[in-house]
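Below are two complexes that have chain A in common, paired first with chain B and then with chain C.
And then the complex of A and B:
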C-alpha cells in the first residue's frame, strides 16, 4: 500500500511536467459529464420525474456512479491502458521485479486529469445530498460511501478483465467500452426504469445495481425487504473483483507460457 | 550457481501471407506454425563468471534470457538458479537478479533519475544503508554525478544506459543479465560500460550473462562464450580455443574476433 503511494507520487511528478496539458484535460473532463448532467437537469425540468424518481434522487445516482468512474479511471488507468504495456514489451519488465503484477500494473499509470470529472461528480453529489428528501443517519452516510467504493471496485474489475483479454489479442478492445462507458451511462439512472433483462444483467452479471439502485432504495426508505440486506448490497459489488483477479492471474499465466 | 538442462520452447506464430484477400481471411481464421525458439539447451555457469551469449538475430538469445529471468515458462526442461526455479518462485527469485534490456528503459521517463532509483529501492525493499552505499559506489564508478538529477528524457543514450545499469544493481543482485547493453552507444560510452561491467564482476563477484552483437564486448569481457543458432546450443567454451581453431584459415594468420564469428556462423550454417 505504501508502495502504491510511491508509484502515485512519481507519476504525479511526471504529470506535473506537462502542466498546460493537465489543466486543459482536467477542464475537459469537468465539462463532458457536466453537459450530460445539464441534459439530465433540463429533462427533469420538462417532465418533473421518471417512473416515480425525482430529480435529486437521480442526481444522487448520477453523482455516485460518476465519482466511482472517475476514481477508478484515475487509479485503475494502468489496466485500462494495459494493451500498450503488453504490445511494447514493458510487461516483461514488470515480471522481473519482485512484486505482484496487479500492484505493478496499477502503478504503471494514473490519470490525474480525472480530477475534473471527480470534482464535477462531487458537486452533483453534494447538491443531491442537500436537496434530497432524506433524514440522513450515520448508517445512510456509510451506505453512500460504500456505494462509491463498490463502484470503484466494479469499474476497476472491468478494466482488469479487459486488460486480461490483451494477453490473447495484444491489441486493446474498444468493445469493452460497452461495459465501462455503457455501464456508466446506464447506471447513472436508477435501474428499474429499464427493461427487466437489463436490470438482471446489471444486477447479477455486472453488479452495478448493487452500487446504486438497491442501496439507494435503502437510503430513500423505499425498501420492501430487509433494510440491512439492501444496505449491504454494495459488498456484492466488491466481490465482483474476485473473479476479475482470477481471470487476470490466468491471463498472466497464459502470457508467460506463450510469450506473446 | 546456474544450471540449465534440456530447455525447449516453441512459439505459435500466425502465418502471414501477402495480399488483401488472405489478410481478410486471416481476420476469421488463422493458421499457425510452431516455431522452435529453443531446442534442448543445457549449460552450467559458475559464480563469478562472465559469459557471453551470442548468435545471429532470432537465434533464441532473448528467449533464453526471458526463461532464465522468470518471465517465460519453457515447454520442457529444468533450470535451477541459486536454488530457485525462475518461473515457479518468480517473486522471490527476481530479488536476486538484475536485468537490463538494452532496447527498453526501466526508468521513469519524465522525472529525474534519482526518483526512479528511489522508487526501485522501495520496489525491491532495499535497506536504506545498503541502498545509500550502492548508490554512492554506482554514482562514482559510472560517473553519474550530475546525471541523476536530470530527467531521463534529457539524457543521451550513453548516459541513459549507464543509469539503466546502475538501476539494475541497486538491490545488489548476485546475477546480472545484460541483453545488448552496448547497442547504439558511441565508442566512449561503450568502453565506459565495459569497464564498469568487468569492475563489478571483479569487486562484487556478480555473475554476468551478456548477449550482444558487438564482438568487441565479448572479447573485452567474456572468457567464455555460448553460441546459439536456430535454437540450438552450438558452442560452449573459451574464446582462445575458438581462435586457435579458426585462425589458421586466414591468410595472414591474424584474425579479428569478428571474422572468427562470421566463419563460425558460416560453418554451422546459422545465418
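And then the complex of A and C:
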C-alpha cells in the first residue's frame, strides 16, 4: 500500500510537468460526459419520464456510474494501456521484480486528467441528491457510497479482464470497448428499461445491477422486502473483482514474452 | 488533379487492408446502435406526448449513423499528420510539387471512405432484418434515397474541411489533444450524434441550424427517413454547398498564412 502511494506521487509529479496540457485535457474531459448529460436533460424535458423513472432518479444513476467510471479509469489506466506493455515486451521487467504483478501494472500509469470527468459527475450527483424526492437517512447515504465503491470495483475488474485477454491476443481489441464504454453508457440508465436478455447479462455476468438498480430501489423507497439485503447488494458487486484477479493470475502463468 | 487522385487511391487500398479491425469495429458499432435504440424505445414506450420524430425514423437515424460512422465523426484522426507538424517533417511535405491543402484533403477523404466502405454494408444489411421497432426501414421514396446519398457525400466534404481546420490549428498550438477534444465533443453534439436534432428544445435547435455541423449527418439521414421532405431538402442543398465553399476557402487561406510563418520543429 505504501508502494502504491509512492507510485501515485511520482506519476502525479511527472504529469504536472506539462501543466497547460494537463488543464486542457481535464477541461476536455469535463465536457465529454457533459454533452451526454445535456442530451439526457433534453430528452427528459421532452418526454418527462422513462418507464416511470423521473429526471433526478436517472441523474443519480448517471452520477454514480460516471463517478465510478472516472475513478477506475484514473486508477486502472495501467490495465487499459496494458496491450502496449505486452506487445513491446516490457512486461518481462515487471515479472522479475519482487512484488505482485497486479500492483505493478496498477502503478504503471495514472490518468489524473480524469479529474475533469470526476468533477462533472460530482456536480450531477450533487444536483440529483438536492433535487430528488427522498428523505435522506444515514443508511441511504452509506448505500450511495457503496454504490460508487462497488462501481469502481466492477469497472476495474472489467479493465483487468480486458488486459488479461492481451496475454493471448497480444493486441488490444476494439471489441473490448463494449464492456467498458458500453457498460458505462448502459448503466447510466436504471437497468429495467432495457430488454430482458440485456438485463440478465448485466446482472448475472457483469453485476451492474448490483450497482445501479437494486440499491437505487432502496434509496427511492421502492423496495419490498428486507432493506438490509438491498443495502448490501453493492458489496456483492465488489466480489466481481475476485474472478477477475483469478483470470489475471491464470493469464500471467500463460504469458509468453514477445519482443527481443 | 491526377496527383490528388492517386494519393486518394493509394490511401484507399491501404485502409482496406485492415479487415479484422473492421470486423471488430462492426460488432462494436452494432452493439452501440442497439443500446442507443433501446433507450429510445423505452422513452417512446410510455409517453402519449406526440414527438416531432417517429420511432422508425429514429431507428433509421441511429443505424445510418452507426453504419457511416467513419464519414461523420470528428475524432477520427490521422496521427501521422500531427507528427508531421509537431515533429518537423512538414519540411518534406513542403518540398512536394503539389499544393498541401489538396494533398492532405485527398488523404483524409480516402481514409474515411475506406473505413466506411468496409463497415457500412454488413451493418446496413443486418439492421434491415431486425424485428420491428429496431429495424432499419427502406428510404421514404426513391428521390429521397438519391438525395440523401448526395447530401451525405457533400456532408463528408464539409466534415473533412472542418477537420482540416483542426489540423491547421495544430500549426499554432503544437498540441493537438486539447483542440481536437473540444472540437470533437462540440461537433458531435451539434451534429445530432448525442440526441437527434428534432428532439432538442427549440432554442438549441436554432443554434444548431446556424452551424455547419448538422449538414454532415443529421441532414442526409433525415432526408432518408423522409423527415425532411424532398422539396425542402432541395432548398437546403445550396446552403450546404455554400458552407462547403466557405469552409474550404477559410481552410486554404489560414493554411497559406500558417505556412508562411511555419517553424520547422525538431533538429
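By our rule, the second predicted complex is superposed on the first by the 255 of 260 C-alpha atoms of A that agree within 3 Å, B and C clash if a C-alpha of one lies under 4 Å from a C-alpha of the other, contacts with A are read in each partner's own complex, and residues count from 1 in each chain.
In this text, a contact is a pair of C-beta atoms (placed from the backbone, for glycine too) under 8 Å apart; a residue touches a chain by one contact, two chains touch by 3 or more.
Note that this is a predicted model, so its numbers are computed, not measured.
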Check whether A:256 is in contact with chain B, with chain C, with both or with neither, and answer first, second, both or neither.
-> first
Which partner, chain B or chain C, touches the larger number of chain A residues?
-> C
Which of chain B and chain C A:14 touches, first, second, both or neither | first
So, does A:47 touch the first partner chain B, the second partner chain C, both, or neither?
-> second
Name the contact category of A:81: first (chain B only), second (chain C only), both, or neither.
-> neither
Should A:189 be classified as contacting the first partner (chain B), the second (chain C), both, or neither?
-> second
Based on the superposed arrangement, let me know which partner A:3 touches: chain B (first), chain C (second), both, or neither?
-> first
Once the shared chain is lined up, is A:95 touching chain B (first), chain C (second), both, or neither of them?
-> first
Touching both chain B and chain C, residues of chain A | none
Per the touch rule above, chain A residues touching chain C in the complex are 20-21, 24-25, 27-29, 31-32, 34-36, 38-39, 42-43, 45-52, 173-175, 177-178, 182, 185-186, 189, 193-195, 198
Using the touch rule from the top, collect the residues of chain C that touch chain A in their complex.
-> 21, 24-25, 27-28, 31-32, 35, 38-39, 42-47, 49, 51, 175, 177-178, 181-182, 185-186, 188-189, 194-195, 199-201, 204
For chain B, which residues count as touching chain A in their complex?
-> 9, 11-12, 63, 66, 69-73, 87, 90-92, 94-95, 97, 99, 101, 104, 106, 108-111, 115-116, 118-119, 122-125, 151
For chain A, which residues are in contact with chain B within the complex?
-> 2-3, 6-7, 10-11, 13-14, 17-18, 88-90, 92-93, 95-100, 256-260
